[in-house]
Amino acid sequence: MTSRQLMHRSEVAVSVELETPGMTLNIGPQHPSTHGVLRLVAKISGERIHEIEPVIGYMHRGYEKLSEVRTYAQITALVNRIDWVAGFANEVPFILGVEKLVGVEAPERAQWIRLILTELARISSHLVFMCSFPLELGASTPLMHMLRDREHILELIEDVTGGRFHPNFNRVGGVKPAYGGGSKTKKQSMDLPAGFFKRTLKAMDLMDQTCEDIDTLVTGNELVRARTIGIGVIPAEKAIEYGMSGPNLRASGVAYDLRKVDNYLPYDQIDFDVVTRTGGDSFDRYLVRVGEIRESVKIIRQAVDIIPAGPLQAKVPRVLKVPEGQVYSRAENPKGEFGYYIVSEGGKMPYRLKIRSTSFSNLSILPWILVGQLIPDLVAIMGSLDFVLGDVDR
Amino acid sequence: MSDQPDAPAEPDTTPLADYAADITERLGAERYTVEFDTARVFVAKDKWVDTINEARGELPFFSWLSAIDWSRETEVGEGVADPDKLEERFEVMCRLSSVTDDKAIIFFATLPKDDATIGSLTATIGGAEWHEREAHEMFGIMFEGNENLVPLYLPDDFIGNPLLKSYPLIAREVKPWPGEVDVEGLPVGDDEGSDDEEGEA
Amino acid sequence: MSKGIKFPFPGLFKGMALTFKTMVKKAPVTMYPDVKEIPVPRARGVISLDAEACTVCMLCARECPDWCIYIEGHKVEKAPSKPGGRVRTESILDRFDIDYGLCMYCGICVDVCPFDALFWSPEYEYSEMKISNLLHNQERLGEWLKTVPEPPALES
Amino acid sequence: MNIWLELALTLVVMLVVVLTASLVTIYVELKAGSHMQARIGPYYAGGRWGWAQPLADGAKFLQKEDLAPAKADRPVYRLAPFVVMMSALGIFAVIPLGPDLVGAKLDLGVYFLLAISSFSALGVLMAGWSSANKYSLIGGLRAAAQLIAYEIPLILAVVAVVIQAGTMSLIGIVDAQQATLFTLGGIEVALPFILTGQLVSFFIFMIAAVAELSRIPFDMPIAESELTMGYLTEYTGIRFTMFFLGEYATVVGFSAIAATLYLGGYGAPFLPESMANVAGPAILLLKVSALVFVIIWIRFTWPRLREDQLQSMAWRWLIPISLINIAVIAVFKVAF
């Protein structure tokens, strides 16, 4: 373990100074900037970190084990609790994987609804980042402003799915029916509620304003720049080696976006850019996310124009038995590549479900990136990595 | 979009299948399958580390590493599969992908359960450490060369490997299933048919 | 280290202008509980039961991921609908409890109910001082039925 | 009058004034800060607009158990809040609310102020050390480093004022700002120091004061997201309340110093001398409120700096600038 840390450039700088290492600082699991229950055991000298050992697992819920005794429909309810700030985005890769196994494809309108809701989830997740990141740096006002504006997005999601955080809206072969399968309500589809598009477009206009507010409050703020530019630089090859994905990877200059690369949901019919930056520091990771909010707004505006009318459910047997097979299905979650490796042996439940959660891989770089940093930079870097502990621990 | 499940490994000519065939040959792997847009390449256990390091030249992105326990010893879940299929082995899997296009391969290596040891990737892939630690505590697989195989999620004094099929899920054992109470059939003539006795086989 | 520390910091003062503007504007706050927030019709607040429609088929209890629905019933024999017909049995619902301490509001039970006995109601004010009181019995679940809204109009 | 009676009266009046001012400041921060964050803030306590929220908070804190960590250095731990509180109250002893409304008419008022205000550093360091908590320790050390770094620009900024006024008595400084500078159409114009050459030192003073107060953007000693609460981490109940009140009293205190030194104190243009003792407190209050509001406003807009950035800002920018400023002021003083 030590050999890798010794290579870190700041380690060299530290060792020529007068050292008083040996104080162990236990950061977390109950610490304001660990977003929950992450624990970092740091050996520090002054405020500089010499050695750091992240300890995770305080929120391990064993979803992979739980999934082995649950039907696919029940797992859908489970997986949107993994990364709870973007619940809908977690369902999409799972349901797409199961659809591949079963061999059905959701009707076009359902696909577009999924796309719109995924992008709404992305905006809401990035807005949470816009809350927490300045808060780590000590600015509390962006938090409240962004929570206020996120409410517009959550209202839209709740309007359609009935849940703000845990939509549980996807079903194999389409989206959820509104009311049961009873004789009276059988035909009640869970289509978008009337006026949804109008409200969506209005909310997108508000999001434009929000982006400007972010720029005023955070991007343009010289103190934020002083605190984050050049802090926590992750070179592209390191990011790739540690499996970092999403905005964290794109901030290092790798234009890798599954929405462009993989052929899932009708993203190919939409014109949008992959936001990248080249610096790979905390400020770039922040800027990529601001840019992605803008791109998502663009995507939703186009999707609202394109979305066709039509059915919402493909024909799926009532008791879903998934044939034997193994599939890996991934999608671009707000935080990066989110995937499920589903092993089915036939039957109602998967034999094994491997959840490739984004924050887990994004955080695995912590022991490398934090060595040699100062404690104030530690919170800036961790804030810029945008993780959710539920996503780390599963 | 998806292949038919009953013919998974039939030689098809999708770009991914071509690529999988190509890389299998170049790396000297054992075999490959492509089903449901998922390419799997099987390598021998002792060539695991070398193969993956070589493959990283063209597929640099380390996506994840995990394992499957193929022993069906448990009655939890779908019940016991047929006895012929009972196997005592692990499969370790590692997914690498390109960062420019959608090429990706999941590498598989089979381990016998009584010698669940495989080389560690941590020397070249820093990100593999956490994944290997997770696989170690969840399955009990040893990764030779990873010195830091301490539990990642579980408490230090935890005994057992939770993702093994032999490890019971206590939550489902201590509480009776509420759906079991009913022993009565559905009203006759309903479209639900006689679906009432399933669940716990 | 002191990169960016130079006069005259336009960003700092723009930010202050924004916070000042926000201060003089009305805060968008719903003063719950003085003012109630009205949830959308589809909101998953609480599950209501139409006991009349329930046929004790147990589907909901079986599909529930959390095993939080407890149903008991018994069978009675029903007189044939026409003389000489077959004797039919009917299931009578004795107990239908949902433990909201366990429920995770996934809505699968409502989805699978084949007889229109379960509905979502957007009501959300049923917190309790004791966790055991979160077990809603048949009557309590039936009362929620009054609050079930009409399904909303759909976007065409 | 009996000297003891006078002293007791002064103390009681001062305590009431200071505590009221602190509570009002806390309330304003709660309320204004909330509105800046698109919230409402206190609403129910006391009826209208939640005006009694600070009192309710205080009552809550008083009920809490007075805990000390097992390994704390107890005497020091217990004493620390008193030191901070004393330093905060001491400031008000010499601030003139009017020509005669002053706790102690010291000829060396400025000197006393600077001495007593830097006393709080000692309290903070004591709190940080004695809590037996690593976060507290780091916080305490940060506070000490910060206070030392900012004491110098603060003093240098004040020195500029002292040179211009030619006195170290606070009343003298206020009087100097009411001296007629020139007559314009028969009207005698007197300007506060901020308009007569002290603009630079005013800014330096305010920056240094905010740093001394450990408030955003210089709140590294308590930096919630880094050090949980820094030296305050372990404090509960009444002792935490004392730190808390002390902080806000110091906010008011430093604003009052700045108002006195740079904004003309209790004086106002065209104020007849006979009214000075009556209207003085109100005028000073107005000026203090404006400064306090700016400090609160900054807190709810900006993030915090890093400790080393703060140090480099103090040593590389503020101190040289204030030295140049002194030189310029001195030259002008001699020349005119």
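Think of it as A, B, C and D in the order they're written, each chain with its own count starting at 1.
Just so we're on the same page, a residue touches a chain if its C-beta (ideal position, glycine included) is under 8 Å from a C-beta of that chain, and two chains touch if they have at least 3 such contacts.
Since the model is a prediction, treat every value here as computed from it, not as a measurement.
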(Q) If you average the CA coordinates per chain, which chain's centre is most distant from that of chain B? (A) D
Q: Look at the interfaces A-B and C-D and say which one is made up of more C-beta pairs in contact.
A: A-B
Q) Can you give the whole-Å distance between the Cα centres of chain B and chain D? A) 64
Q | Rounded Å distance between chain A and chain B, as computed from the means of their C-alpha atoms | A | 23
Q) How many angstrom between the C-alpha centroids of chain D and chain C? A) 53
Q: State, to the nearest whole Å, the distance from the C-alpha centre of chain A to the C-alpha centre of chain D.
A: 44
(Q) Show the residues in chain C shared as contacts by 2 or more other chains, in ascending order. (A) 2, 5, 12, 15, 18-19, 22, 28, 114
Q) Which residues of chain B are in contact with two or more other chains? A) none
Q: Going through chain A residue by residue, note those that touch at least 2 other chains and give them in order.
A: 141, 145, 148, 217, 221, 223, 226
(Q) Can you give me every chain pair that touches, using the contact definition above? (A) A-B, A-C, A-D, B-C, C-D
**Q.** chain C to chain D touching residues, read off their complex
**A.** 1-2, 5, 12, 15-16, 18-20, 22-25, 27-29, 31
Q: Spell out the part of chain D that touches chain C in their complex, as residue ranges.
A: 32, 34-40, 43, 297-298, 300-302, 308-309, 312-313, 316-317
Q) Can you list the chain A residues touching chain B in their complex? A) 1, 4, 56-57, 60, 62, 64-66, 68-69, 97, 99-101, 103, 105, 237-238, 240-245, 249, 254, 256, 261-263, 319, 323-328, 337, 339, 341, 343, 345, 347-349, 351-352, 354, 356, 360-361, 364-365, 368, 393
Q: Could you pull out which chain B residues touch chain C in their complex?
A: 175, 177-179, 181-182, 184, 186-188, 190-192, 196, 199
Q.
Can you tell me which positions in chain D touch chain A when the two form their complex?
A. 36-39, 134-135, 138, 216-217, 219-220, 223-228, 300-309
